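For reference, the structure discussed in these notes is given below.
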Amino acid sequence: MSTTLVLPGDSISLPSSFKSVVLGPGLAPSSSRLPAPSSDEVPSIISTKLGLMSSAKGKERSEQFWVEGRSKRYIPAQKDMVLGTIIARHAEGYRVDLGSSQMAQLDGLAFEGATKRSKPNLKVGTLVYSRVALANRDMEPEIECIDPNTGKAEGFGELKGGLVVSCSLQLCRHLLNPKFIVLPTLAATIPFEIAVGLNGRVWFKTETVSESIALKRVIEGVDSGDIKPDKGAVDRAVKEYLA
Amino acid sequence: MVREIDPPSIQKEFLLAALAEGKRLDGRIPLEQRKIEFVFGEELGNVECRLGKTAVLAQVTASIVKPRDDRPYEGFLLINSEIGPMASSVYENGRSSDSEILITRLLEKSIRRTEAIDREALCILAGGKVWQLRLTLHFLSDSGNLLDCASLASMMALKHFRKPDVEVIGDEVIIHSPEERAPVPLAMHHTPLCLTFAYFENLSPILDPTHLESTLCSGTLTVTMNAQREICVLSKAGGTPLSVEEIMGVVRVGVDKVRDMVKIMDEALEKDRENRVVEVR
Amino acid sequence: MSSSRIEILNDGGLRHDARRPYELRSTSFQLDTHPTAEGSSTVTQGLTTVQVSVFGPREPKSRSTASHDKAIINVEVGVVPWAQGGGGKRIRGDKRLQEIGASIRQTFEPVIMTHLYPRSEIFINVQVLSADGGILPTAINATTLSLISAGISITDYVCSVSIGLHLTQPLLDLSYIEENDLPNLILASLTNSGKITLAQMETRLHLDRFQEMLELGTEACKVLKDEMDQVVKDNTGRLVERMNVRVGGGGGGMTIDQ
Amino acid sequence: MASAGPSRRRSDGRKPHEIRPLTIEIGELDRADGSGRFGFGATSALASCSGPLEVRLNQELPTRATLEISHRPLEGVGATASRALITTLESIYPSALRLSLYPRSLIQIIVQSLSSSSAPTLSTGRYNESPEIYIDTEPETTEKNVWPQPPTQSALAVDKKEKSPNTSYNFSSRAVSINSATLAILDAGSIAMTHLPIAISIASLSDDDGLVVDPSIEEEYNSIARFGFAWSFGKNVSLREDQNQKDSNMDVDEEEDEEMELIWVESEGKFDKEKFSDALELSKIACRQILSEIRAKLGETLECKRLQ
């Protein structure tokens, strides 16, 4: 699919050469006139978001389609890695702000090696890297700081020191993608430790303050489009900010 | 609507560490202001001022009204500075939060009570007709320091505004249209501008705090000064206690900062005047 | 108000109420003047009387505003209708009162040790009984005393005074008439450290005069502090006597130095 | 009087069906989730959209998001006019957004008018050749003669027809508010939309003449009839069965995927049915043209922010 711009309401013609098609965010069957169930006519798919049409190969020859748009407001989705701030603490767990419309619940036992007696003691205001365990529109989202199948922390849990930067959800998705060259280029000049949350927040820690500030300004520059996401532009920006 | 949620505690630790080294998160030095930009609207007296990412729109309109009996020579200047949810979802339409009251009161003091506008010059016919100026402020985006941005936008709008030329014969008042006679600028004594400093425990103060810096600071001090080295308003409400020298240090910094800002304003006005034919609409 | 111009300072160097430029108005500080409040005090400076009563630290009315690690301070300012003398220019609008309330709250937030009373609320009710200028300074002094009488731990006395400037002569503790005509600066300072917690000025003043007024103000606050301290000590002294606490032998007992 | 035959030029040099240069920008405001600025020439509006946000308990709806639309006039024009504009927006957007996807949350849309709403006032404020003698003024009707007057072209000799004092926004301001709100929601990207409301205003200057699209403030003020149309673009948006039922005079021409549904009509003044259906057709063409311009501009903006 050439990267064409789609507006909400545009109908999307899917190449039906694939066995199964997975509709990602931004696409939905237009509900106004669903064909009668008996007829085999495929309900017409429309876009519900502004963005560029994107597709990728899914598992077993299925094709994934979604609309790649820019947005700042996070809507919790299962299995997302997110950065949250603890805003309240009560008996059995914590309430964590993810920047979405409802606060998330973090159970006191959802940590590696936590038992009824030895629960981690986190203060209000702590930054937590976690995974969305449960998210649907009618319930408050639940997050956990362990990887369910390994039971290990896998980097989840409290993050100490460092700095948090807010940026668009789109940039966070790309930062997690290994083929996106911004982070590798930065790593060449500045050694840093980083945690990218899909809710539009990026945490990182470097040795010196000026390196962290340079990193922050590069990320915000790429997000606002001032710095092009290519090796040359990023290197120039880093040198300039570090000077 | 949504209560402002405090940033994670590591942000404050990092901010204090950075300030200890005299660096701020957006690369500025402590006493450096963000970039000031003015966008002039279609009509005279309509200006949008951007201070970094903070944006405020100011609009001046005039109308003719009857003066107060005990002050027959004085015109009026009404300031409407209500912060709506567009600036940030923290502000609500009806209720005014503490910060909104502080901003409204400080603007009121800086512009009206320091007689920035010569109110006697607004008189058309003593006891009969005077000009009533209405300055409406719209807070478009609150990325920290709405007050300085609003005061810049207000003063620029008042300098940019022209009211029709008026002629009085006996008790008849003749309003001339822009086509016949060039509209007249407002008579202004001086240009008071607000400067807001933010304080952190025992670190040197920073000028023009961003939204994050003003949430994490332990106190702010706002001083309104004009180019004639006069302090028009000073407001330090609580926060870290300061010694006399610290306050004087900050006020001296304010003096030459105000002079630079007035220069930026005049240049912007000059540029706008060139590509706008003021006389004939 | 536009009666014949009142002489601010006559050639004899006296002000319209026969005070010297640096002379404070007569003050009277009373503690525990409210029947049910934890702490209260009524302070009269000249003709301005303000009664402050402090309720708390108590259960906050709305749980949502309570903060998990410190007390929330709420301030309410009210003016009795006759405070300004019959139909005269009433203190216009509640914006001004809200601003006074906000100033008091911000002034006392760093002074009260709020971390000692987590998830609670300290409610400060300020009532202006009669207003002859200097409402905010008197209210701040009264709030300090009422916090002390409520036993809420504060780090230092917060004393406040207003300073005016007549041509080049600074004046202390302005009355209503002086407040309207002169550029005036309201100052509140922590007397031990001499640092300034609140400074509000409304009218134009040249930069060079400003430093002199700041220094003069902090001096005046120290004088006010001694007077308030004296009142608190007398009050506590009487309490101790009534509780007839025997002053223990040797150095152990409670000694009240005059 | 410049009559507006199909070939005749209008006072500002435009052809009758020509739209003023459009201003289309998104993403200006830092603190809002989405923001959009839309303008027909000098008449423009800025809108911001935030959500889904935390909603207060008393406004919470279990099955869908609470939609809160507010409007701020440029200068304190009467609340009634801005209230009317809010009702117009409230009638358009709930159907365009899939509110049921975000229960117990709040979606906030705020529209800020950027051009003064008060049409040239009718009484002595009108400038014509001889300077107007100005005698009486009542303090409370401060709205009557407000300066600066909106940009009035050279004085048109206006015969003093009876005109109602202006208590509501002119149609081009309403159209601009709708389009800017649509852009803001598009920029937010966090709310699912099923179709795109696009609005235009049309006026007929005098009985025998044709219609003018996107009238300027001056033209609209002197017109005998004024219309505001909003069409919604999106597949399957029109509810009528498309195959058989071809309505003769309201034929919905069947582009390959573009369908449009009329979602808002308001009008003032006298007109006959035939003029109305002409206006309807003109508005369809105009809205389609606006949509294509929006599509082009948004394509450009997203292109320069692309990350791949």
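First chain written, first letter: the chains are A, B, C and D, and each begins at residue 1.
Convention: a residue touches a chain if its C-beta (ideal position, glycine included) is under 8 Å from a C-beta of that chain, and two chains touch if they have at least 3 such contacts.
Labels paired with UniProt names: A = Ribosomal RNA-processing protein 40; B = Exosome complex component RRP45; C = Ribosomal RNA-processing protein 41; D = Exoribonuclease phosphorolytic domain-containing protein.
Small disclaimer: the values here were computed from a predicted structure and weren't measured.
**Student:** Per the definition at the top, count C-beta pairs in contact and tell me whether A-D or A-B has more.
**Tutor:** Of A-D and A-B, it is A-D that has more C-beta pairs in contact.
**Student:** Hey, how far is the Cα centre of subunit A from the one of subunit D, in Å?
**Tutor:** The answer is 36 Å.
**Student:** Counting in whole Å, what is the centre-to-centre distance of subunit A and subunit B, each centre being its mean C-alpha position?
**Tutor:** Each chain's C-alpha centroid was found; their separation is 39 Å.
**Student:** At what distance in angstrom does the C-alpha mean of subunit D lie from that of subunit B?
**Tutor:** 31
**Student:** Two-or-more-chain contact residues of subunit C, please, as numbers and ranges.
**Tutor:** none
**Student:** So which bits of subunit D are touching at least two other chains?
**Tutor:** Where subunit D meets two or more other chains at a single residue, that happens at 50, 53-55, 106.
**Student:** Which parts of subunit A, given as residue numbers and ranges, touch two or more other chains?
**Tutor:** none
**Student:** Which word fits the touch map of the chains here: line, ring, star, complete or other?
**Tutor:** Chain contacts: none of line, ring, star or complete; other.
**Student:** Residue numbers of subunit C touching subunit B in their complex, please.
**Tutor:** 2, 64, 95-96, 98-99, 102-103, 105-110, 185, 189-190, 193-207, 210-211, 214-215, 218
**Student:** Please output the residues of subunit A touching subunit C within their complex, sorted ascending.
**Tutor:** Result: residues 88-89, 124 of subunit A touch subunit C.
**Student:** Quick check on the complex: what are the subunit C residues that touch subunit A?
**Tutor:** It comes out as residues 68-69.
**Student:** Within their complex, state which residues of subunit B touch subunit C.
**Tutor:** 3, 70, 98, 101-102, 104-105, 109, 113-114, 218-219, 221, 225-226, 229-244, 247-248, 251-252, 255
**Student:** Which bits of subunit B are touching subunit D when the two form their complex?
**Tutor:** Listed in rising order, the residues of subunit B that touch subunit D are 1-3, 41-46, 53-55, 57, 59, 61-66, 80, 84-89, 93, 129, 132, 134, 136, 138, 140-143, 161-164, 172-177, 179-180, 211, 281.
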